[in-house]
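We just call them A, B, C, D and E in the order they show up, numbering each chain from 1.
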Amino acid sequence: MSDATASGIASAAARSNRRDIGIKRRYAAERRFKAYGIIAIGIGLCFLAILLWSIISKGYTAFWQTEIRVPITFSEQILGTPEDALKSETKLMMANYPRIARDGLVKLLDIDPSNRKAVTAAGKLISSGTRVALRDIVLKDLSVIGTTQDVWLYASSELDSAMKGQYDLSVPENRRPISDQQLQFIAKLKADGAIAQRFNWGLFTFGASSRAETAGLGVAIIGSFYMMLIVLALALPIGVAASIYLEEFAPKNKFTDLIEVNINNLAAVPSIVFGLLGLAVFINWFGLPRSASLVGGLVLTLMTLPTIIIATRAALRAVPPSIRWAALGLGASKTQTVFHHVLPLAAPGILTGTIIGLAQALGETAPLLLIGMVAFVVNDPATPMDPATALPVQIYMWANEAERAFAERTSGAIIILLAFLAIMNLTAIFLRRRFERRW
Amino acid sequence: MENMQATFNKGRAVQAAIPIKMTSRDVTVHYGQKQALNGITLDIPERQVTALIGPSGCGKSTYLRCLNRMNDTIDSAKVGGEIRLDGEDVYDSAIDVVELRARVGMVFQKPNPFPKSIYDNVAYGPKIHGLARNKDELDEIVHISLRKAGLYKEVHDRLDEPGTGLSGGQQQRLCIARAIAVSPEVILMDEPCSALDPIATATVEELIDELRENFTIVIVTHSMQQAARVSQLTAMFHLGDLAEVGPTEKMFSNPDDKRTQDYITGRFG
Amino acid sequence: MENMQATFNKGRAVQAAIPIKMTSRDVTVHYGQKQALNGITLDIPERQVTALIGPSGCGKSTYLRCLNRMNDTIDSAKVGGEIRLDGEDVYDSAIDVVELRARVGMVFQKPNPFPKSIYDNVAYGPKIHGLARNKDELDEIVHISLRKAGLYKEVHDRLDEPGTGLSGGQQQRLCIARAIAVSPEVILMDEPCSALDPIATATVEELIDELRENFTIVIVTHSMQQAARVSQLTAMFHLGDLAEVGPTEKMFSNPDDKRTQDYITGRFG
Amino acid sequence: MSTPTILLIVFAISLIGAVMAYRRASTLAAAQATQLHSRPVYHASYVACWATIPSLLLLAAWLITAPILISTDIRAKIPEETLAQSELTEGLAYGIVESLGSGLRVLPADERETVTDQTPVKDLSALLRKRGVPVASAGADWMVPLAVELNALQVISRWVMTIAVIVLAGFGAGWGYKKIAPRLRARNSVEGVVRGALIAASSIAILTTIGIVFSMLFETVDFFSRISPAEFFFGTVWEPRFSAAGSTGSAGSFGFIPLLAGTLYIGAVAMLIAVPIGLFAAIYMAEYAKNRSRSVVKPLLEVLAGIPTIVYGFFALVTVGPFLRDLSTEINGLVTGNYSSFIQAQSVLTAGLVMAIMLIPFVSSLSDDIITSVPRSLRDGSLGLGATRSETIKKVVLPAALPGIVSALLLTASRAIGETMIVVLAAGVAANLTLDPFQPMTTITVKIVAQLTGDLEFDSPQTLVAFALGMTLFVITLCLNIYALYIVRKYKEQYE
Amino acid sequence: AGKQIHVAGSSTVLPYAQIVAENFGETFPDYQTPIIESGGSSAGLKQFCQGVGPDTIDVADASRSIRESEIEACAANGVTDISEVKFGYDGIVFASSASGPSFALDPAKIFGAMAAKVVKDGKVVANPNTSWKDVDASLPDQQITAFIPASNHGTREVFEEKVLAAGCEESGAKKAFMASGMDEKQAKDACIAVRTDGSISEISGDYTETLARIEANKKAVGVFGLAFYEQNEDKLKVATIDGITPSAATIANGKYPVSRPLYFYVKRAHLGVVPGLKDYVNFFLSEQMTGEGSPTVDYGLVPLPNDERAKQISDFEKGVELGSKS
């Protein structure tokens, strides 16, 4: 052996000279490698910045809504006397409120009421959704009938878009939604201080509407919230449980292989197919109601499960076996070992999977199409069994609207969706920080 | 506990009248294709220290892991033969592995503290077995265990720091503390002192001596002196076989087997 | 290599005329708040074996890791003072860590084979450093290294199996083989024999003796006999201080420091 | 009693049982010298399991079967002749009866008492409308007695169920309590329950698969009975046409090949871009970046996964596509002097690129977690040999993390295959068969969505082909996954 | 169904249905606002034909008439009493970027630009035209790029029948096709086959997508609904067909040739069961919703002539069902 050693050492001396040759090259490789990392992250962040910028620059205006202060005369002629109203509400309910609003504006703008063209043009400046707003004022307090009050009314989406400079005013008058006369009206309103941009709370509270100015995300936010709750409450525990079974308990046999292949495969199933599944199973078979966030939540749960399971399994697998041995050797049962030691160590990976899965579920439209959640829903859902929509659905539907005012709302809705996502992410960062450790 | 006599001696059994805690008959282990143990038949006497010695890779750890079924966790490992604890078949399907492992504790060859605080590392076992009624009792168990393992002085002011931040020897003593905290009936120690300095080693050896009064101990060691100092019975393994087993004094003074002779007269570690 | 003399002796330096390979001056290490080394000043002579001894947790591993800057990988560790290899400041920003570590190799306290085949484990270092021109040379390096580490006989027929499937002692020897395969100038060994049986230990000790002819070796050991057998210089650590350093014979026969005396006259491991 | 109340009572019973069991087990432990097999906590959970599981199963079974039984009973009592005279079907009539019945429950007790079998439906409707319950105008007098009976049956059923469930819960708790003994293997039983739950959770994947197959099977078979499988699988032309009124000669061609090619091509391009970027980002975050910047960058990248795909689609349509087209024009102009674009605005490249952006976080975040959890000792081992960081990563860390990374990549590829909106807007819907990445192509998923949500005739091959496409894609990915499993098994490495 | 009217179907009808539903909810506070699902005529009718009962939808919107086979499928599920209600027309226009030249088209020119095969010098050849000028000297010299609805759209059917087939006939191409040896059916197919060399792109999404594409490629011509065009007049320039500029008026009087009727289908069995269903249908057909000057018409619906609307109302009142009409 000493011969071999001698020769080995002799050549070792020779080798040690050669060693220096590579060092420059290897450092270059190292720098390159590190640079790739920085470039990769740079590219990712760059894309993110571009996307966010394009969304926010288009959408921030959606958070402001133009309103007009109009002196409204609640004329008895149109509404009936308060006494009539006490007897039967029908007249109050059905009264022509848009007319009251238009008359108010006509007065404000000093238009000759017999100039029908000007009156119509002025009327188009106010949202036709005023009906509900004015009706609510009257119903709340019948004593306003017969009086004149200043009321802030939503401007129509054309006026709103014009105020935000979203129309190309250089094109001929007949080719744009807002006429020169209307522009004059606007100028006059501005001069009077009767027009203002106010924070658009309605964007968060209103339900769907065919008028941009009264269209809001209320129903969608509630629907998305219900669905995320359902997904989180079902997909996370089920996903983690399934992963634990597969990684820690399951004997390695054909059955577990089957489950494994199945799960991986489900991840590749196009999301709309989950919609087909939801339609067939939850609606047609279980008889759950159409358009309900419960069904949406269940479908998204099934869709998210594979993501969570795959991520969780990878995380569990990364926990070194010595940790398990240590616990088992102390007389901890397998269940205890898993829940006390392995799972906490795998938590960061699980959280990542959950975040990505939830993000995906939060932004998904296609499966909701088939279970009736891509819909026009006005009334707020009280329970997950009521018809509702979801944020991406509202985005999708608004994106397909022809009216200009919906374009900014689409981006505004995306901003809100991203805010939703950011909140989820922040929670996850916080949790992940707590669980992460290197050993 | 029946005072079971070693009825199956085959010329190697322990002197009569000492009760037997664990018996193994023809224990074989395969890792996939490779056979690591070729039929080990050995009785482990109660309240005594049994030392397993033998060259590296001869199967000591493997045998030790059979005794509390830790081999179950290695997918490729297949165990044959019969092992009994107090007469009960350890590999019987009716046996509760968890209870078995609580009764037969283990210290591993490579220290493997949990990535938790030092306190939690030790408190974990007593907690899951419900050995402490309240926080004070738990504290006491933890402190006593750490003290017995000779670690208390070094770490008493940083019980909240992670166990993984300790030095190698400290980690090993932490694992010992963790194992004795659940006071098992049998303690299996796989080279508990290999990472320890002489003083710590002395502490652990003292501990073993002390534990012997109440517990049965099986220890793997590479140090012949240690085997000689702490054990009453010594078993010599060689290439998956049990080369020889006998009272420690006899083994070290007058071994029957040629291989044992060679091994223990080699240069000592 | 300049034949640098120990100019900074402080009463502890090695006998003159022996060239110094590495010097350390006032080396301190903090892990976060906790100070693990309180200013170690030690010269490591070339082509000699320096043994570091001392109770568990006193900072031996920490000091060893300073020598090839492995402490850089621990976020919380802060190193102060000055360490020189052949006169070059190891912590100088101009120094190349990779080259340093290639010149100052290391065997860790806990065996940590890569999850690769046994062959690849050993071939890894030579490959990245480009020490072999072709497959044959690589094969040769691997075989020689395994043989030197005393592992070849046990594993030559399963070089393709994963290194993690070896027994504890085998893994440790694999790590030794891996370290010597890159033939560093200085080899740092953190308790290389703690998991080894006497025979394997003897092999490694022989190897150390052999390597000493060409390489500088620093070894942490808990075995006083081992320190006495293999080392020429012994340094005794205590609670982060260097208690005493001196030629091995003197240390073991007639130590100056009270702590050393206590330690080496304790019961031996 | 309402279902939540019943649940609450059951849980209360199990809680009481659990507490008592805990006490009992504790005293047993104290009194007897023998050691308890399981800790008191497990005895408590044991009793709780006995109290809840059987009773909840009963509750579930009752809730499912009782309405079915009651409805068949009531339906049987619907007078056939009367029904035949009206315009209603049995189902609709029953629906009205049901809504009358549930309306009855809304009424206050004194008003409800006034409703008898003889009450005409008009009076009842008036009563109900006052309480805000709309009643169908098709309601008939004969429905009132049925509604009353239905209501009575439901009330009885609910009472019986309440009592049965609560008694069963109590009985279960008692049974469990009685079984408490020092040697009772409570822990094993409880863990058995846990394990059962785990198995149930993982079987959901299989149930989902079965569900998917069955929700597409009939239509698929229907499709293949009209269009021959050979034409579908080997056809190279996709041109389904609009199914015209008389559907004369507008059967169209349903060649699957161009769609499959497009799917694989676009997916491959996306992976080709996303995987290096994602992996390098993950490596940088896990190995080089400061903890601080990592905890900022990682969630930021994850935002990319959450942006609705329609946004990516419009990004591709409005920004990336035209940019690539103009870029190609410039390049072509500089190189050949001919200023014409060779990249089309909608192309495989555009779709792949934009899809890759969405996929980056799938690779980066998941891989980052996996890489981080590789034990330090492995890194130390390599660094200690004088490897550079990148060598350590390439040769030691990544191989050790490989199984996890492969899973992440599989997931990413799966997403790439399943994506629709991006492809629609970035690569178009033209089913070309080409190798040129600068040409438009389309994917299976796009066609599934298009054929399913269009204005086509719903039982024509044009719509049914969506199911066939879905089924085929399902089978193809299944095969790919089986193959992937085989590969992963082969290269699986366990570290420690 | 249940307590709320549930509608599903065509996305072309969706905006009108939305407007009506919203106003319905506001005008009849007793009823909840109906739910209008979008998802295509196909999916809507499929849901519609699933059966009768509280779990099924009440109304299906469609941008095409129901097919024979669909009526059969409905009947097989017990959906037999169906009222077909036509409520207006959807005009289909060709438009290009507002910044580009204007187009004066007719079916023959469109056929010449978009068909896969055309007749050149008496011979049937693969369409060689690259510029609009090649098709007809009166057209601008601009590369032919067009966005037409994909074959899953109802609009495509109209486009094929009223534009391509008509243009084929007009230009005499069909005769030439048949002369070249094709039989009737093949010639018909050839007439409506669109060139696939990349100059014509199909759009399976909505008009917003077409608009976005035209904004990205200013030289392109796209097919839009009249309503959509009217909302984006500042960005788009409409092409005349046969010299007629499309508008609600020209479509209603039949001068502008390319339009299609819009329908909804009502499940009569639900009429008495779902509160407000009958009111909804009547409200839909009322003057204030779909008559002249109503919000739907403002939006772009081409209204039915008053007498035809009256007939729809009376047909519905009388309970005229599908099948019994013809």
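In this section, a contact is a pair of C-beta atoms (placed from the backbone, for glycine too) under 8 Å apart; a residue touches a chain by one contact, two chains touch by 3 or more.
Computed from a predicted model, the values in this text were never measured in an experiment.
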{"item": "Intersection of the contact lists for chain A and chain D", "value": "B, C, E"}
{"item": "Maximum centroid distance from chain B, chain identifier (CA atoms)", "value": "E"}
{"item": "Core chain by centroid distance, with centroids computed from Cα atoms only", "value": "D"}
{"item": "Among all chain pairs, the one with the most C-beta contacts", "value": "A-D"}
{"item": "Whole-Å gap separating chain B and chain E, where each centre is the average of the chain's CA atoms", "value": "83"}
{"item": "Geometric centre distance via CA averages, chain D-chain B, whole Å", "value": "49"}
{"item": "Geometric centre distance via CA averages, chain C-chain A, whole Å", "value": "58"}
{"item": "Junction residues of chain C, two or more chains touched", "value": "98-99, 102, 110, 128-129"}
{"item": "Two or more partner chains touched - positions in chain D", "value": "187, 314, 375-376, 388, 391, 449, 452-453, 494-496"}
{"item": "Multi-partner residues of chain A (each touching 2 or more other chains)", "value": "26-27, 30, 321-322, 333-334, 345, 369-370, 399, 439"}
{"item": "All touching chain pairs, where touch follows the definition stated at the start", "value": "A-B, A-C, A-D, A-E, B-C, B-D, C-D, D-E"}
{"item": "In the complex with chain C, residue positions of chain A that touch it", "value": "1-2, 4-5, 8-9, 12-13, 15-16, 18-23, 26-27, 30"}
{"item": "Of all residues in chain D, those that touch chain A in their complex", "value": "187, 191, 194-195, 197-199, 201-206, 208-209, 211-212, 214-216, 276-281, 283-285, 288, 295, 297-312, 314-315, 319, 357, 360-362, 364-366, 368-370, 372-376, 388-391, 393-394, 401, 403-404, 407-408, 410-411, 413-415, 417-421, 444-445, 448-449, 452-453, 467, 470, 473-474, 477-478, 480-482, 484-485, 494-496"}
{"item": "Parts of chain B lying in touch with chain A, wherever the complex brings them together", "value": "68, 70, 73, 75, 97-103, 105-108, 110, 112-115, 124-125, 128-129, 162, 164, 175, 178-179, 182, 184"}
{"item": "Residue ranges of chain D in contact with chain E within the complex", "value": "87-89, 91-92, 95-96, 98, 134-139, 239-245, 248-250, 252, 314, 317-318, 321-322, 344-346, 424-425, 428-430, 432, 439-440, 446, 449-460, 462-463"}
{"item": "Residue numbers on chain C that touch chain A, as the complex places them", "value": "96, 98-99, 102, 128-131, 140-141, 144, 147-148, 183, 185, 210, 213-214"}
